[in-house]
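First chain A sits with chain B, and in the next complex the same chain sits with chain C.
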Partner chain A sequence: MGTEARRKERLDRGVKVRTEKLYAVSGWQEITYLVLPRLALILGLLILPLVMPSMYWQKVLCSMGVFALLAIAFDFLAHYVGLVCLGGALFTGVGAYISGLLSSSTGLSPALTIPIATLGGGLICTLLLLPCLPLRGVYFAIVTIIYPLAIVRILTALNIWGGTEGISALATFPNIWVEVYLILGMVLIVLFALRRLVNEDYGLVLRGIKDNDQAVRASGINVTFYKAQAVFITAAIGCFCGAYLSCLYGWCGLSLFALDFSILPIAATVMGGLGTLVGPLLGACILTPLSEVLRAIGTWRIVIYCVVLLSFIVFKPEGLMNWIQRKYHQFEHWEKI
Partner chain B sequence: MSISEEVVLQARNVSKTFGGVKAVNEVSFDLHGGEIMGIIGPNGSGKTTLINLVTGFVKPDSGKVFFKGKELTGLPPHRIADLGVTRTFQVMRPYASLPAYKNLIVPLCSPRVKRSSGGKLGDRDIVCIDLLEEVGFERDAYVPYKIASSLPLGYLKRLELARCLALRPEVVICDEVFSGLSMAEIATMIPVIERLQMEGMTIIMIEHRLRELFRLADKVMVLNFGEKIAEGVAEEVMENEAVREAYMGKEEK
Partner chain C sequence: MDILEVKDLMVFYENAIAINNVSIKCETGKVTGIFGSNSAGKSTLMYAISGIMMDMKRKEEMKGGERITVVGEMRLNGEDIMDIKPNDRARKGVVLCPERRRIFPESSVLENLKIGGYLASRSQAQETLKYVFTLFPALKDMKGKEGGFLSGGEQQMLAIGRALMAQPKLLLLDEPLLGLSPAMETRLAQAIKKINEQIGITILVAEQYARPILPVIDYGYVLENGGKVLEGTAQELIDNPDVKEAYFGV
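Right, the complex of A and B next:
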């Protein structure tokens, strides 16, 4: 590099000036600058299924969507409400069984079973978790781990609802396009809806509960009620995923309570960046295809997730998205000194 | 100053034991409408615990608390705040990730405010800024918009007070709002409290800063080892032998 010294200089872009709901923008360049990432995200997700080489990879997109939804829901609950849910599998399992049982007993189509499973499952999961909501600390995390494990044992022991075999020959989606666009559309809707929610007054109360629930109580607000609502939102998203999967496979069984549905979304969230909501989507976009590629090595996949999780926690705890956002808002150039 | 005849807040023989330590022992008091009562006592004498008992954050082992004749004992904290009895916390923990003024959105979302404003609160951000101004924030384009975790202590105390006032309460309980503040900062806080009293609020102030407290308080209650050892007008209380021993002994050296 010779004798000449150089220094990296960073500048923050000026357009970050943001008032309440209005961007203080002055020209089309700045509008582009702000809109571009959103547009790229929406178009990217919608075009993705069209460029997939095979049906197999389109199916991978479907499970990517599922993990993205679970990860976004995890992020919402963990970062904005302060409830760390280590048992996303509870939600997928409950959602899958409700839709599966409905479909096998009444023959309803997915267009009905999925919404019923989403709302009904959300309610059931919220009721299951209600007893630990007034408690603070790790209780919520512990209880959420226990539920999916316990339910699997109970279903096996009682041998009801298909036992270890599960329920098969359920109604499925008409074609692959419905499958893939339903889940990707849902990802976009949930993502933007939650982003909106956490910045509304309602979201501020949730964030207040995370920062200091005592002060929220002292402000005359029923903290448990708000937490229950947030858990319902998360559980409903998870139940949607479960119901969707049962319709995708035409089958529902104990593996919908599997650890994968709890761990992979968390890994995706840590990788993508906690608290960004987009980050978990990004993490899922990376981890799901990766895990497909690694399918050949069986359970060793879990080891790889763990390594990814650990290295992000140690080396880049802020996650990819926070890093990308920071870079996007900065100019960087070398300057001679 | 107009102190009404009506007893607004009443405690009857409340007690609380923490693992053998009698944090509060058989304490009773009556608080009239519009009155400012000071609670003083050495460190660990049970002042904060008494407040926790009144506001529902800790359940008393025995005894009862009444607000305008309605029993508060056993109600959860948010119900008590909803009735109009609010408190500040001794340990400041604002909603750290939000700007200062946004901290006040939370109480503004409470059922009590929704009820009293009839859903017509107007622009909440402006209401927040007004509230901050009421407790002595400068109305400029800078301080109210700072992230709460970066505010200096003096502002945090004011923010905490503003959080209570956002509810338009009837009783405000201040747990050491002056401690850690400079004389100049306290001097700007005193008129704030005085104005609250003028507006008819009933106030309890826990303080270690006696001189400032005595300027404000209509009466003073002294706690020591969880027991009430004296109550009355500031000058009289300070004459009391037990109080001198328990409290002033350390102060006057």
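Right, the complex of A and C next:
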């Protein structure tokens, strides 16, 4: 507590206040203010593959899209439903194996296996997690992280579905442009769809469940059913990522149950800003290429990666996106008291 | 001699002003009351005096939330305590018994009291524990019961007991009568008086509903929308027609 006789005042920009109402379309300034960030995001993502110097970096974009999707899904479930889910690995693994098994047994093309794996995998994961939906906080997180670990052991022990070798020679995408634009397009669709969803009445119920599920239950709403729906949405997104990866590699195996798929999205979310949905995308856009660039310096990669993450948690726990949004919508000035 | 002197205190939550130029004094060995309706700034004042506000400010800063600004002067026995951390203020004798009790629900009554006695020496703790049990005999019978299972009134007794265990020189009670039955209200008001008379602790009590507290205070302030609108001895407050209407419902 200082004794300075002035304080920093934070005010909404005039244009922000205007654009909240009907006046949003009153002039070019207002329209630009609203459209610019969204357009920059969409165009940026769409142009990104075109400016990449090599095929290698386009592949990096593909994995960046996967982590971005997983991170957005994690953010949705953690911040809007209150379930901290470490099940990214479960979702990708299940999605990859469904698509892989379908492809190897029936020879279906990715255009069919991916949607089937997305919906079917979402359903399976939701059923797997259904018994622990009443659990909250750390219990739910533990259960979601146990599943992928257990499934890997079961697959190894039973030696089914390719065992430790995995299933190879699956149908792949026709060319790199399909690969990269499929995932980036999906990122945009999921991002805007979820953003719309959480602001609808449906999202209101979900946020209510996060804040106080007993009060929501007292309003006559079936909390577990709503939670299951939210988990299905998240799981379906994760399974899409898994199915996509299996088609991208033409192979599916135990490494698609790797904990990277659980942990990296959380790192991206922490960096980008929890609760913004677009923040996790930003985090993934920074972290995935960063880890590729750092690959050149070998083992130090992990150290630098950890330092970046730690400093974000310690110095900027609100994340990048919250900070950027505040700067965009508000201005500050000193005021005498 | 005033144990606490707050001068021109201002607290902002972002751009909203919660406390506007409030100056209050707590005379040593007396009970001082602060009255006001919801959003008058009672709790904010209590948090500012106990220093909890510094902690809230830091947490809000870290998550990029509301910016809290505190300006003014605060002196404890003549010493400036504006920049002293809340735990060090407790060490100096400013102990807050927070609103809504905030007892440790999973610890037993005895454990709750022992946690409160962290700052006390062994003999002090034993003595105070004995005193708390004579002050609130009800607590003695449920020593082993978990705090969360206590009724509202018992929880409030426990919260006051826990604050006493920290050996306060200035005890801050934030809405001690919140949500209690009229009978319990009178009992607690009497207990506040007893604490003040028997062990000579200076007390600052903030309360919405003045009727049960007014008889036990020596001096009182009335806050409204963050500003001080009235002050005076208990009798002066009782005689004031505005207070009568607003806080007694006469």
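Please note the rule applied: the second predicted complex is superposed on the first by the 296 of 337 C-alpha atoms of A that agree within 3 Å, B and C clash if a C-alpha of one lies under 4 Å from a C-alpha of the other, contacts with A are read in each partner's own complex, and residues count from 1 in each chain.
Here is the rule we use: a residue touches a chain if its C-beta (ideal position, glycine included) is under 8 Å from a C-beta of that chain, and two chains touch if they have at least 3 such contacts.
These figures come from a predicted structure and were not determined experimentally.
**Student:** After lining up the shared chain so the two structures overlap, which partner does A:219 touch, if you call chain B first and chain C second: first, second, both or neither?
**Tutor:** first
**Student:** Given the touch rule stated above, what does A:207 touch, chain B (first), chain C (second), both, or neither?
**Tutor:** Only chain B is touched by A:207; chain C is not.
**Student:** Under the stated touch criterion, which partner chain does A:176 make contact with: chain B (first), chain C (second), both, or neither?
**Tutor:** neither
**Student:** Just checking: does A:294 make contact with chain B only, chain C only, both, or neither of them? Give me first, second, both or neither.
**Tutor:** neither
**Student:** Looking at the overlay, does A:259 come into contact with chain B only (first), chain C only (second), both, or neither?
**Tutor:** neither
**Student:** A:323 contacts which: chain B (first), chain C (second), both, neither?
**Tutor:** second
**Student:** Once bound in the complex, which stretches of chain B touch chain A?
**Tutor:** 55, 57, 76-78, 81-82, 86-87, 89, 93-98, 102-103, 105-113, 124-125, 163-164, 166-167
**Student:** Inside the complex, what are the residues of chain A that reach chain B?
**Tutor:** Counting only chain A, the residues touching chain B are 20, 201-202, 204-205, 207-208, 211-212, 214-223.
**Student:** Using the touch rule from the top, collect the residues of chain C that touch chain A in their complex.
**Tutor:** My answer: residues 10, 12, 14-15, 53-54, 57, 62-65, 67, 69-73, 82-83.
**Student:** How about chain A: which of its residues touch chain C in the complex?
**Tutor:** 1-5, 7-11, 317-318, 322-323, 326, 337
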